[in-house]
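Each chain gets a letter, A, B, C and D, in the order it is written, and its residues are counted from 1.
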Amino acid sequence: MASIIGDNFKVSIFGQSHGEAIGTVIDGFPAGFSVDVEKLQNFLNTRAPGGHLATPRKEADKVEFLSGIVDGVLCGAPLAAIIRNTNTRSGDYKELMDVPRPGHADFTARIKYGGAQDVRGGGHFSGRLTAPLCIAGGIARQILEAQGIKVYARIKQIGSAKDSPFSEFPDEKKMEALDGACYPVYGGESVAEKMMAEIEAARNDLDSVGGIIECAVFGLPAGLGEPMFDGAEGVISKVVFGIPAVKGIEFGSGFSGSAMRGSENNDPFYYDNDGNVKTATNNHGGILGGITSGMPLYFSVAIKPTPSIAKTQQSISFSNKENTELNVKGRHDPCIVARAVPCVISAAALAVYDMVKKADFKSKSKF
Amino acid sequence: MASIIGDNFKVSIFGQSHGEAIGTVIDGFPAGFSVDVEKLQNFLNTRAPGGHLATPRKEADKVEFLSGIVDGVLCGAPLAAIIRNTNTRSGDYKELMDVPRPGHADFTARIKYGGAQDVRGGGHFSGRLTAPLCIAGGIARQILEAQGIKVYARIKQIGSAKDSPFSEFPDEKKMEALDGACYPVYGGESVAEKMMAEIEAARNDLDSVGGIIECAVFGLPAGLGEPMFDGAEGVISKVVFGIPAVKGIEFGSGFSGSAMRGSENNDPFYYDNDGNVKTATNNHGGILGGITSGMPLYFSVAIKPTPSIAKTQQSISFSNKENTELNVKGRHDPCIVARAVPCVISAAALAVYDMVKKADFKSKSKF
Amino acid sequence: MASIIGDNFKVSIFGQSHGEAIGTVIDGFPAGFSVDVEKLQNFLNTRAPGGHLATPRKEADKVEFLSGIVDGVLCGAPLAAIIRNTNTRSGDYKELMDVPRPGHADFTARIKYGGAQDVRGGGHFSGRLTAPLCIAGGIARQILEAQGIKVYARIKQIGSAKDSPFSEFPDEKKMEALDGACYPVYGGESVAEKMMAEIEAARNDLDSVGGIIECAVFGLPAGLGEPMFDGAEGVISKVVFGIPAVKGIEFGSGFSGSAMRGSENNDPFYYDNDGNVKTATNNHGGILGGITSGMPLYFSVAIKPTPSIAKTQQSISFSNKENTELNVKGRHDPCIVARAVPCVISAAALAVYDMVKKADFKSKSKF
Amino acid sequence: MASIIGDNFKVSIFGQSHGEAIGTVIDGFPAGFSVDVEKLQNFLNTRAPGGHLATPRKEADKVEFLSGIVDGVLCGAPLAAIIRNTNTRSGDYKELMDVPRPGHADFTARIKYGGAQDVRGGGHFSGRLTAPLCIAGGIARQILEAQGIKVYARIKQIGSAKDSPFSEFPDEKKMEALDGACYPVYGGESVAEKMMAEIEAARNDLDSVGGIIECAVFGLPAGLGEPMFDGAEGVISKVVFGIPAVKGIEFGSGFSGSAMRGSENNDPFYYDNDGNVKTATNNHGGILGGITSGMPLYFSVAIKPTPSIAKTQQSISFSNKENTELNVKGRHDPCIVARAVPCVISAAALAVYDMVKKADFKSKSKF
């Protein structure tokens, strides 16, 4: 129900921020595939806080495999991997969360679970749960890469600081070069500095900022996705909205395409020199009728500003049944956009891998 | 796989534009519910072409029930309903579609089905397939309404003509009053006329325009949706992207929220006079952590401009393996935004009904 | 939920015995496959009543395709097919079924659907619903056959009349030769006549008899099925128990194997002359650890005696809330075992086709 | 795919016999439920080897919870629990399993996973994987019990030693009294001793024996299960066949019912003194038309003799590509029937819990 995705392979995510461990169980990865564990750990590290241009990232959470892998090779049994939580608390948390944080799931989780929810650090709704998502997604990305399918993402906007747009197509070489950077942007250091300035300004105001991430998938064959409800847009969206803080998604020209004329938004077909069918522009984002066209697939994702801010906010007290002020304590990340980049890549990789598994290429004729 | 949605109830859509019939099979609607068939047919009529302010809509396709209903009452067996196609052709269509229409699924369907796809009128990818979606969604909407849950939609934008925004919240009374209108807009006739002018201009240029539809759900209990991959945003998106021509979706403040500070975008909680927990603003769009908050749920959907245009376009000829010009014949609708309104309502109703069925309210405590 | 099966393709069955039509929607059959419609109709005819050795079968229900097929070739869109009901009644059925028939779903359907269920002729629980199952299964069987996978069944027992057992293996040639016979039995006419005598005796006593059907699948590759809950036994059982009247299933040596020693029940491996791995006996029924071994897969199915009998039975009257006698009127089939043969074949073909689609043969090494 | 069950809640099982850990993730248990961890551990202990009437069972594997539970109370997040493997080996296992054991999944796993499968101790196909099944099932059983639904099982047969049959109905009091016994049989110590004698005889012959387990569910409401493919028989079978060594299942009178007349096998309805509808006999096993009748649900399961035997067997050598003899080393359990009892209970509890969650009791009228 809740934390499971996939039709042809299944990914289950479990854990709470302050429980024993967070983890994932994946059923359906190909037996015999060698996981590059160091590369996976590096990918997970891009989720870690840090992220000034000059300072290196911190070491991220350490993956521990419980099953499904023997000597680094997938054995066909479900893959289970966990990350131990080190800051588990068992003390006085019962008093916590009498006052729900605006913009958080504190309130809705309380309603849904009738007070039994784990209130420590956001419980199952914590951003920390994106770590196992990145374990699963990081491996899916490796498997896709071995088939020539590459998944990259960049930061398109933080606050009001925008990266340069691409011209007709997302640029595979550029995005590959940016992979793993703290601020993967087309526009170079000057853009990254503007973004950091937005974040610093928010931090100084005890506030936060959101942003937009753009993800692109290169090397996809045409013909993936199924008509209507299993179209590529729907399959990808379902997984991407599993990332906390995502509130919007658009494929290709998306919302701006809605204001265009058909003659502008339609992408003309042509044969390239190798006899492959391509489109001259890519407003369709690599998807027509829910089915991949063989052109680069790309989409943008709206990340809301981090709800945890130090500024005083209005809320309620459940116990007193009255309105009250809330001052969230602790050091908070004023912007999680950069850390969300591997999460969006992971979501895309998992969704694409599900479609790849589903595709029946035998029925595909050549032309 | 393809044309089936739902976890706790299943909706299957079948048919091609020029096949014998299009239809839907729905498994999981409540036995004993009386369907208002006339109201359903009126709802389907809002999908029909027509739509000048002054002229009435045309009569839409006629629903024929095959099973699941006895004397207008659902009997618990799967509900099957069809609409007969009247313009079926069996003649010379083999010559058709040598030249794929830009922006259409002609090309991707050919790749996917290796040339076996039904090329007549877009086959299974035709917008006509939204008619059975509206049968299923129209009944889901009636069932939700009987439980106090209302689903409405309005046109937010066509081309560059924009409807007035709502202030803090979507307005239930206003949207109810607009229900069924050809141009359901907050801003009244003047806005509707601007929208029609955009459409007429496009028609005169042998071109088309897109737009944005906003959908709102009122009366939803708090606590629907599941953490991570079955969150309300993901469940709704999966179905909404099943509507051909949808290329983007945003919930609450969505993409514009990404440029906000946390202090702006967070919605303060308060107790209203009846002791209910509410939020002062609704940037979260009624969903926090993937779970409904009890505030109105709303989202916007980007509809791309109709790809079928009379203007000459660049494409290819499969048979000649060369680039060629394409002139699409026939009368084409220069804007399908108004006709997409019941489709968005239907998608929302089906997704919400799935979540309602899934919710285990027995485990929910009161406070 | 209810009437849908399949992971990698979906089969939905709808209809009631006396509704407008019964039918099926199948999503996931391969585009480009040519259905042999006459062969399909002949297969459906084996479901028809009749079945004396001497007299030909009656003409069965006529299939009408609504979508998914163009000029006899599957086009990739969901396949929808219906059979019109000719004996629909709309009159006085409200009085019917005050007295639930023992052994029928009359009582449980009433509870489940709170009185809204279609009571005419058993509604959705009627054996008539196996006709659309045989449409779906008959096509699946044709697709499998084109891949060298053959599905056959025979009658193993009716009442106390038993067919001869096979020796080590089900015999492909024999079962192929029996395909379509009214009484497909190894033992020839003498066995068939004993079975018919059992049926006649039951008919004369205003009673009914049950029996056992054995189904075998030849030509299956090794490696189908998934460990634990998607093992071949579980996948097949799920579909087979969808046939009304089935109350048991056993694979290979099954229940009798439970009384054996391991040394008897284990099947020794050996290399045949072509270097293929085979087993000397086949107590495992072609499945080890839930995964096909490449040996013939076979299973037996227990069919309960038809519950509709003319003999006076004890039941209750809902309206009077008292115990009462029931005399079921009309002519009833004293044995449905022969007619259940194509149903068991269909269930097996659908389950096997689902596994075939799921199997990732690319990951399979040769040895 | 493989190791995941459930529609309305999901159970995922992972692990290999000699990997780091085996475990389960369960999504959909009710928040707020207090797990009796000691009772759960005792239930797991009934899976442990041991099982002479006189000697106590050994201590079983220790459950470690990773998530989903706070202070013994389910918090709504997915429940993850593991059991560490203590006998992990990393040495020379590459040489193992050149010779596949007859009756085991060694051969089929090799084909399926192309040689990448974990060969140590049976890997993912080991009977050890039933330990996490019993964690999930043991908790499901506790949740059902809190709703008045009891799940019990007894040994019906080991080798040729048979327990006494029940008369009309499985006896709730008797089965409750036997719960947790090493040899839960109706017939008392004399029957248990005959069963142990069968096992000892097999052990002395370096052989093994199988048996039959009967499971009964009491207190089920009428109306659970869905027509056709989600009927109670199909849902239960799917999970029960997930237990290695199960080769058959029959509900109610099952295979013996097939040889009966309808007048014998049909169960007459009557009103009991409290005005409840009951059946005088229970050949239908509590299920009619796939839907529970409110009578005790019961079924029998065929367990094949343990394939691991010390006797010399015929097999092949993959490396030499020749036939060879196999002598399986180590101490092997000559009969796993007694240890399979909690596994069958667990499978039944999980399947029933899934149906209970799916049932929409609101639509059910009273009479």
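One rule holds for everything that comes next: contacts are C-beta pairs under 8 Å (C-beta built on N, C-alpha and C of every residue); 3 or more make two chains touch, one makes a residue touch a chain.
Values in this document were obtained by computation on a predicted structure and should not be read as measured data.
J.: Of all the other chains, whose mean CA position lies farthest from subunit D?
T.: Centre of mass proxy via C-alpha means gives B as farthest from subunit D.
J.: Identify the chain pair with more contacting C-beta pairs: A-D or C-D.
T.: Between the chain pairs A-D and C-D, C-D carries more contacts.
J.: In angstrom, rounded to a whole number, how far apart do the mean CA points of subunit A and subunit C lie?
T.: 45
J.: From the mean C-alpha coordinate of subunit C to that of subunit D, what's the distance rounded to whole Å?
T.: Here the centre of subunit D sits 26 Å away from the centre of subunit C.
J.: Taking each chain's centre as the mean position of its Cα atoms, how many Å separate subunit A from subunit D?
T.: Between these chains, centre-to-centre, one finds 39 Å.
J.: Give me the residues of subunit A that touch two or more other chains.
T.: Each of 1-4, 7-8, 13, 31-32, 77, 109, 112-115, 124, 227, 358, 363, 365 in subunit A touches at least two other chains.
J.: Residue numbers of subunit D touching subunit A in their complex, please.
T.: Contacts found on subunit D: 1-4, 8-10, 12-16, 19-23, 25, 27-28, 31-32, 64-68, 70-71, 73-80, 82, 90, 109, 112-118, 120, 123-124.
J.: Note which residues of subunit B are touching subunit A in the complex, please.
T.: Contact set of subunit B toward subunit A: 1-5, 7, 13, 100, 102-105, 107-115, 124-125, 129, 157, 159-160, 202, 205, 207-212, 222-223, 226-231, 233-235, 237-242, 244, 246-255, 257-271, 275, 277, 279-280, 284-285, 287-294, 300, 302-309, 311, 313-316, 318, 321-323, 358, 363-365, 367.
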